[in-house]
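Chain IDs A, B and C follow the sequence of writing; residue 1 opens each chain.
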Amino acid sequence: MLQTAEQYLYQFDKETPIAISTDKLNVFYDDQHAMIDASLAFKQNTITALIGPSGSGKSTYLRSLNRMNDDVATVTGQINFQDININQPAVDVYEVRRQIGMVFQRPNPFAKSIYDNITFALKRRGITDKQTLDEIVETSLKQAAIWDQVKDQLNKSALALSGGQAQRICIARALAVKPEILLLDEPASALDPISTAQLEETLKGLKKQYTIIIVTHNMQQAARLSDYTVFFDQGRVVEYNQTRKVFTRPKMDRTNDYVSGNFG
Amino acid sequence: MKANQRKNQIAISGVRVIAALVVIILALLLGYIFVRGLPYVNWHFLTSPAKPFQAGGGIGIQLFNSFYLLILTLIISLPISLGAAIYLNQYAKDNWLTSVMRTSIEILSSLPSVVVGLFGFLLFVIQMGYGFSILSGALTLAVFNLPLLTRSVEDAIGSVDDNQLQGGLGLGLSKFETITHIVVPAALPSIISGVILSAGRIFGEAAALIYTAGQSAPTLDFTDWNPFNSASPLNPMRPAETLAVHIWKINSEGIMPDGTQVSAGSAAVLVLAILVFNLLARYLGRKIFKKMTATD
Amino acid sequence: MTPKSNLKTQKLLTKSKTARYEQRGKFISVLTLALIMVIVIGIIGFILVKGVTMFINDHVSLKDFFLGTNWNPGSTTPSGQPAVGALPMIVGSFGVTLLAALLATPFAIGTAIFMTELSSKKEASFLQMVVELLVGIPSVVYGFIGLTIVVPFVRNTLGGSGFGILSGTFVLFVMILPTIVSMTVDALKSVPNHYRQAAFALGATQWQTIWKVVLRSATPGILTAIVFGMARAFGEALAVQMVIGNAALMPHSLISPASTLTSVLTAGMGNTVMGSLQNNALWSLALVLLTMSLIFNLIVHLIGRKGAFKK
């Protein structure tokens, strides 16, 4: 039996509200059916890890949540967020992405100064007051735990930073827009172990204020970091449970095979 | 086996000889232009007006016209090329309409410049009534410049990592503002190189200008910078013979007594300018790239 | 539902400024592209309309135009027809183009082979720079050099005035050489290295590898380069006009003054009144020029489609 849907979550946590959920989400690239009937719900202020072999659809699912797939794929089904289905043309896709931020696999700071990287999106939305911007820059860099390292070089090009630092700038940049949810697509895959460990610490701190959904191919990372884990395989949700349970007592054989390293 | 090796050696030497010959021809060509022309180039030559019927004239007005026309042409063609390149690179779907658009740009880029010049003559000089003027010339050269500039801007934009665009979209920015504010600035070094290289082509073009910007260079009053006055250098409605057209005209009319010397000097200046454009394109591109990624 | 989330829901359901900005931006960029298309259609349309006027309004037959050898628009031939025979110019244009391509091709391919297969990196990049610079030299400069070196040289060695198809050929040869070299270099570079290694591994000499493997697999690219060179030669106006002599006569030798479509066009357009037969005849020449340019384009497309591999 496939373990999906929100009633499953309520078995162990009735209180925490749901931040975002999907109902029968399907994704098609041309003729390829990349995600089949994914129905999942994510609790507020938790970290959920999406795991699975490559091509399992975990990134596709993640990118559909803030409609980053709009241009490249057809996405059907419901994405429930802020009491409405946001997977419909009437919903402003740009506002969706402001409320559901995203951090990518490879650090992609803009070819601008650190300060401009953080403030660019804000300025484009009409926030120009220098003091407000300064405050946001400081807060979000602190949240991303990189303020101390860069506070004296805010006008330096962000391209000159190391991979780990650049990725934090990208997190700070996403936080500056004040999202509710933060989506991370294998954010540590291009980083060394030390930067990765630091990044994980930062994310743990961030869940007090944000709901975090993270795609990772690193199972130790999922186990260390997340409260819940979803296992995807071949475009389907195979298992969804508390992380501890997924890794110690998986219900599905397929999950067991994957987490014990038999394939993937 | 022996025969093969012999043949190999002969053929390879043959290729080397051909390459050497070409290098010699090209070196002589460049050498000739400079050796023949540079002795005539001095401050007086570069700044004084031409004298059609007597010796000792300069190329001041022509030189000014060439630069003025160049700047106007770039002002007209750059925004159009930029828009077209953005659309082709970022929005165009892979369908028949896109391939029609790409084909028309290709056709435009392969049209002989005389044909573009004749079109400019018909449309701008006659239909629109701009007459032989800088405006007609700049519009025509813009048409001439559009396809190449569009292609080089598109290449420049295309070489920017797609991750930059994704990053902008992920922040809730629109595709267009991400492209114009992030992707285009990131592509700026190669865009600038492309613009400067196209500037070289515009600077040396003559055939498209003969019947658009005209073949006369009225005296200019370099103290009057009001573009609405007829003697003002900035007046876009005056006819303007450029340096390249000047060389052609002197030689096809053959009435200037020191025509050969003036042509040689002008040719040297023209080639020198294009050499400078070339070097500038390399230098500026690299410098701006360094500045953008600088660690200072 | 908290009021805060209410506000956020409201925001999601309202079209943002960003969305409007995106629409506007996309529209502007489409507009610029449409403008370019309108220009292309405009050029073809204008020249087509002007170019056929002579045949329609002035009832000149296609045969008289393409096969007639008497070009003197405004006057008539002995048989009473307008003297608008364009054959001398057509022959002139094709003559200089084919001869220049014939002359330039071996030199260009040899140089390109040297640059990609035989030279060191330093030599190659130096040559690359020189070639790029030469591509950028204005055609009037080539014309001037033709006038001061080539024409006197031809006059002194072969006699005659020095003006003619031969001088035109020499000038165009030097002009299109860099173009063909740089495109051939691209074609040779796009031949995958393992082709060469496979040939060497089979015991082929360097020359056999170049001749039988590299050149053969780069043939479509090299052909494209040559056609591009020819298109440039065919459309070149001023450099040719300065050395060919500008006599609208059937060329009877390579050193007799002749003319091309472009040279007659540039020389004549200023001396005729718009709408007159003399003027219309020139536009018909322009139409021939345009058509040839489209045909060169088509050939490049056909070669490209048949090409063995692309980058």
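Basically, a contact is a pair of C-beta atoms (placed from the backbone, for glycine too) under 8 Å apart; a residue touches a chain by one contact, two chains touch by 3 or more.
Please read all numbers here as calculations on a predicted model, not as lab measurements.
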item: Centre-most chain, if every chain is reduced to its averaged C-alpha atoms; value: B
item: Of A-B and A-C, whichever chain pair has more C-beta contact pairs; value: A-B
item: Remotest chain, chain B as reference, centres from CA atoms; value: A
item: Computed distance of Cα centres, chain C from chain B, in Å; value: 17
item: Separation of mean Cα positions, chain B and chain A [Å, integer]; value: 48
item: Geometric centre distance via CA averages, chain C-chain A, whole Å; value: 54
item: Touching two or more other chains - residue numbers and ranges from chain B; value: 172-174, 177
item: In chain C, residues with contacts to at least two other chains; value: 18-19, 22
item: Sequence positions of chain A contacting 2 or more other chains; value: 94-96, 124
item: Complex contact set, residues of chain C against chain B; value: 18-19, 21-22, 24-26, 28-33, 35-37, 39-43, 46-47, 50, 106-108, 110-111, 113-115, 118-119, 127, 130-134, 136-141, 143-145, 147-149, 174, 177-178, 181, 205-208, 210-211, 228, 231, 234-238, 241-242, 262, 265-267, 269-270, 274, 283, 286, 289-290, 293-294, 296-297, 300
item: Chain B partner contacts - residues on chain A that touch it in the complex; value: 66, 68, 94-98, 101-104, 106, 108-112, 120-121, 124, 156-157, 159-160, 170, 173-174, 177
item: Partner chain C, residues of chain B touching it in the complex; value: 4-5, 7-8, 11-12, 14-16, 18-19, 21-23, 25-27, 29-30, 32-33, 36, 79-84, 86-88, 91, 100-101, 104-108, 110-116, 118-119, 121-123, 126, 143, 146-147, 150, 172-177, 179-180, 197, 200-201, 203-207, 210-211, 215, 244-245, 247-248, 251-252, 260, 263-264, 267, 270-271, 274-275, 277-278
item: Of all residues in chain C, those that touch chain A in their complex; value: 1, 5, 8-9, 11-19, 22
item: In the complex with chain A, residue positions of chain B that touch it; value: 161, 163-164, 166-174, 177, 181-182, 185-186, 292-295
